[in-house]
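We call the chains A, B, C, D and E, going by the order they appear; numbering starts again at 1 in every chain.
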Amino acid sequence: MSLLKIAGLSHRFPGGTQALHGVDLAVARGEFLSILGPSGCGKSTLLRLIMGLEQPSAGALAWAGRRPEIGVVFQEPTLMPWASVLDNVALPLRLKGVARAERTRAAQAAIEQVGLSGFERAVPRELSGGMKMRVSIARAFSAKPDLLLMDEPFAALDEITRLRLDDELYALWARLGLTVLFVTHSVFESAYLSSRIVVMAPRPGHLVASHDTAHAAMGAAFRASADYAATCGRVSASLAAAMGQAA
Amino acid sequence: MSLLKIAGLSHRFPGGTQALHGVDLAVARGEFLSILGPSGCGKSTLLRLIMGLEQPSAGALAWAGRRPEIGVVFQEPTLMPWASVLDNVALPLRLKGVARAERTRAAQAAIEQVGLSGFERAVPRELSGGMKMRVSIARAFSAKPDLLLMDEPFAALDEITRLRLDDELYALWARLGLTVLFVTHSVFESAYLSSRIVVMAPRPGHLVASHDTAHAAMGAAFRASADYAATCGRVSASLAAAMGQAA
Amino acid sequence: KDKVVFGTNWLAQAEHGGFYQAVADGTYEKYGLEVEIRMGGPQVNHSLLLAAGKIDFNMGGEGYGALNYVQNNIPVLAVASIFQKEPRVLIAHPDTGATDLASLKGRPIMLSKDAMQTFWLWLQHTQGYTDDQVRPYNFSPAPFMADPRMVMQGYLSSEPFTVQKAGVKPVVILLADYGYDTYSTTIEVKRDFVEKHPDVVQRFVDASIIGWKTYLHGDPAKANAAIKAANPEMDDEQLAYAIKVLNEHGIVESGDALTLGIGAMTDARWKSFFDGTVKVGIYPADLAFAKAYSLQFVNKGVGLK
Amino acid sequence: MSHAQRLAPLLVALVVLGAWEAMVRINDLPPYILPAPSVIAASLWNDRVILASSLLVTLQITLAALVTSAVTSLLLAVVFVQSRWIERSLYPYAVILQVTPIVAIAPLVLIYVEDPFAVMLVCATIVAFFPILSNTMFGLRSVDPGLEDLFRLQGAGRLQTLFLLRLPSALPHFLVGLRIAGGLALIGAVVAEFVSSTTAGGATGLAWRIIEAGQRLNVPRMFAALALIAVAGIAIFGLLTALSTLSLRRWHDSARRRQER
Amino acid sequence: MSHAQRLAPLLVALVVLGAWEAMVRINDLPPYILPAPSVIAASLWNDRVILASSLLVTLQITLAALVTSAVTSLLLAVVFVQSRWIERSLYPYAVILQVTPIVAIAPLVLIYVEDPFAVMLVCATIVAFFPILSNTMFGLRSVDPGLEDLFRLQGAGRLQTLFLLRLPSALPHFLVGLRIAGGLALIGAVVAEFVSSTTAGGATGLAWRIIEAGQRLNVPRMFAALALIAVAGIAIFGLLTALSTLSLRRWHDSARRRQER
């Protein structure tokens, strides 16, 4: 059952840049969909259109029923500079009207999850780049959304932290049955996490390939599987093709 | 011959966070030194101390002779929002007093190098995250510095662009004989590019391992070599050790 | 007892002395009035407040005020003129050849904004002064002190004293002595108030006249105390000087006042003043100037014993 | 901007004026308490020659004062942010200038400055300069620390940092200050005229028209003069806002076009 | 802040006052043209009772006006940024208020408001409010667009966005406006006193001391009153600056401690 149907979506910025042209995409409920594509191909723009933060210049975007509750990790940390880590993470709960004690508890848990315990009272400018990004991730996790949109969330993290958070995210997805739209530049990460991978080509951005990656387990074992290697190979190939097309 | 000698370097932020403690490091002239370490371990702080943007709370930092000319890529793009891509890239040249025609030419070349031709007149907010980062990289390249400090420059880029820029950087380094201090989270990237890799452990940040990776060639062939695989393995292991130590 | 509010045209000073006297020594009270005095100032427009009914009586400066009411169809009129001579003076430095109005021709004169449409026009018309003589005056004599050629406007009882204390014994020229025949320090009141409460008006006028009589010839101590309280810049020396010159020049008691009592006004004098203003172009000749005043409450010989 | 959005202010103005007119008529307020807009309009028309020439005088001083205060406060701001020492030592004098009542010092200025236009210019400039100074200093201070580091690292000189980094960063704040100063320069011009102009025969500004009309109880003309000041104020503000939007639109968040919710 | 840095302003002040004193003595200027600091100081001391009570009156109005204008302009700014329609329709009236000379409208205010304190409060508030309004609006507009998107996406209501996002973002700009308004409220209080009539015996503020002392050529006392205003202005500014630094230090770039080069 598809949660979101995108048909013929195009977007042109006021400056004149045609960021997207004729994007067709159906997102199924409960799907973990990764989006890959070269820098500047329109991935962030596509997410912004889905979030309703930009209006498409052509095409349609239809939700099955009400738009679900969205958790988001933007490409930049986007934190309130005057608020502590705790307050930043608790923000979505606060906006939903969750009581203070309850939201502090949930925020603490999310902070723990991203490995920032002890920094609850710090303000953003006292954090490193990767730590800021993790605050943003904790914020998206804290409110337990139905749909999680993440724009290169782990790009600023070291590989070990990144693998750990990959696993956290995967567990969350598997446990809560949420839908995830995941922009990444890492073929390995996408192959490890996703149930489907789409690849975009630039100028104007459009979809060039979609790879299903049926898998139901994870962990180090999966990374050693032939399935995984095959997926990585296929995705890399279509990415290369997409970029060749652009050049 | 060592360009820079760091001895017993410690740094404590006004807030009370001890970011670095007792860092000893000698950077040789012409070296390509990668720094790896978990998020928040003090890599950026170390670079800032080297750049003289923070004062160490203990320890010493000595240059052999005058401080060389520095090109820098901060962890964030750090662009002038009111200036075009061209003006941003040409900034270091302008500050050096290079004539307009000459600096435009050099900036154009650097823009081309990072694949942003056609966006010379765009302002930063009309660019994607990865494009902004590439402007920052082009800026660092444009002035042909003696010492290049880069703080996760390629994290926001897709793999193909990243590999291309890895090669550009390597070529630059090999051709101009400059010294590079390179912070990255990618073990593969560090193993591919560096002549030496140091690994840091967090809280407070200090060096735990140093790996020499003598290599003089690059390209796809090197990625297939046993040398490369071995380096990756060793670095990964010390990274895991560093983090285990932290936990 | 009737409560009334009386607005003056400046900070408390000797030129308001009679009114303060009547408050301080209980004269108003004896006449069944409870009077509150509100001080005016450089930017306070009590005329408008009177028109709006926010105060009951207003101290008019010169006769123009009453004519302005008529010109703008505002039902306010003057019911008494405490001063028979306007105490407006020009002062000049000594030993500079300044002796009379004619000798000031061509010299720079410091004039306030309101002078420009009143006595300055008269000076231009009768003395041939020209606009290039004008220098701005903001109620600080400092520029006058700094330039021996400077002439400035003033009030008989104030600026000459101030300047003298600062070390310049000035030549003082009283405009009234040269035919500047405006009434001054009038009591203004709204027409409907006159119609509804003629007795209150009468009592206010009479008590004020008594107050002035006492202030000029009796013991002004209580009034002076009230003035000093309202305006700390005043001191006894200044006040004594003012009372002296008011008396010496017959500012309050001269002309008609000698026979009709303080506050006297006549149709003939009003007409003469009005004709003068028409001549210099301030008012149109067909203005019903007689609506500007009423003789109903004065000329009764109050205070003449 | 939609058509309707352009019209809204006019509609509101019509409603305001209509309500005013109605209130005056229903309560039968005499013009010396509150003149009806129609009466003011009539006065505007009848006295148009006098008022227009007065407006011109006031506007001349206003513009001169605005330019003078923009230039001087920009320079001052640049000097002040050079170091905390300079700021702490000299800023108090700027504050003193701001809080000194013109009315009080005009006579002293008159002793030293002959030319009445110069006096008015000085007075109006004193009234207008402070918001530009404060806002520009705030702007010069709010530079992105990352960019500041970059400039330092690339060996930028003080002047280069000033022109290439600090001034562009401060521009939006300078423009906010300028918009505040626009109105202040106008009142400054009005007040300065009050206290310093010689009016006889020579050109007189709107201030004098207001005082004169007030003293002669010609309230409609007073309101006509006030209306001109109001219109002049709005026009100046509008022009400065347009200037601001034009110069910031491309990059600053405050001037971003936003979808209305 | 180093010790020397604290002392610098005092040293500069001593130099300025010393130069002033020397100039007056060498040129033998009479006090009515320019009194020497020593003469002013003497007058301050001799008239301390009168001056202190006047200062108190002026300060009361100033503080009341500052608080009133801060609250009203904050509210207005919030209303205005709700939509371009509201802004375009109503902002002009704020501009009109800013440019209307108090001197001209005070008589009209006096017709409707009885209480002299209220009149002065209204006048001083009108003088002070505009910089806060402008700066706060600029601040409310300069919200990080990313955060704005986040709030929208998380379904924040208007009030939530206001209190959790817009107001904190606008705080630094509000505080700049407040610092400008501090001085304006002070002059506003001084001017308001000029224009409102005072009951005999009622307390009068510094404005009257200045006018009267000026007219009586008691220039040292006039300067003493001006000095009090200057000191009051600096004190208000200093307090507001400290407030600003305290509340922004932790997060805003403008309040960051910076190494001096």
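Going forward, contacts are C-beta pairs under 8 Å (C-beta built on N, C-alpha and C of every residue); 3 or more make two chains touch, one makes a residue touch a chain.
From a predicted model like this one, the values you see are computed outputs, not experimental measurements.
The minimum number of touch steps separating chain A from chain C is 2.
Of the two chain pairs considered here, B-D and C-D, the higher C-beta contact count falls to C-D.
Spacing of chain B relative to chain C, judged by their CA centroids, is 86 angstrom.
Per-chain Cα centroids separate chain D from chain E by 16 Å.
Averaging C-alpha coordinates per chain places the centre of chain A 50 Å away from that of chain E. In chain D, the residues that reach two or more other chains under the touch definition are 33, 103, 107-108, 111, 144, 194, 211, 214, 252. For chain C, residues touching at least two other chains, in rising order: 45, 48, 52, 138, 140, 142, 146. Touching of two or more other chains is recorded for residues 76 of chain A. Under the contact rule defined at the top, the touching pairs of chains are A-B, A-E, B-D, C-D, C-E, D-E. Taken together, the chain D residues at the contact with chain E in this complex read 1, 5-6, 8-9, 11-13, 16, 33-34, 83-85, 88-90, 92-93, 95-96, 98-101, 103-105, 107-108, 111, 130-131, 134-135, 138, 141-145, 172-173, 176, 179-180, 183-184, 186-187, 190-191, 194, 207, 210-211, 214, 222, 225-226, 229-230, 232-234, 237, 252-254, 256, 260.
Interface residues of chain C facing chain D in the complex, by the touch rule stated above, are 45, 47-48, 51-52, 64, 68-69, 71-74, 111, 113-114, 116-117, 120, 131, 134-136, 138, 140, 142-143, 146. Touching chain E in their complex are the following residues of chain A: 48, 51-53, 69-70, 72, 74, 76, 78, 80-83, 91-92, 94-96, 123-125, 143.
Listing the residues of chain E that touch chain A in their complex gives 144, 146-147, 149-157, 160, 164-165, 168, 171, 250-252. Residues 7, 11-12, 20, 36-46, 48-49, 52, 54, 138-142, 145-146, 158, 162-163, 165-167, 226, 229-233, 238 of chain C touch chain E in their complex.
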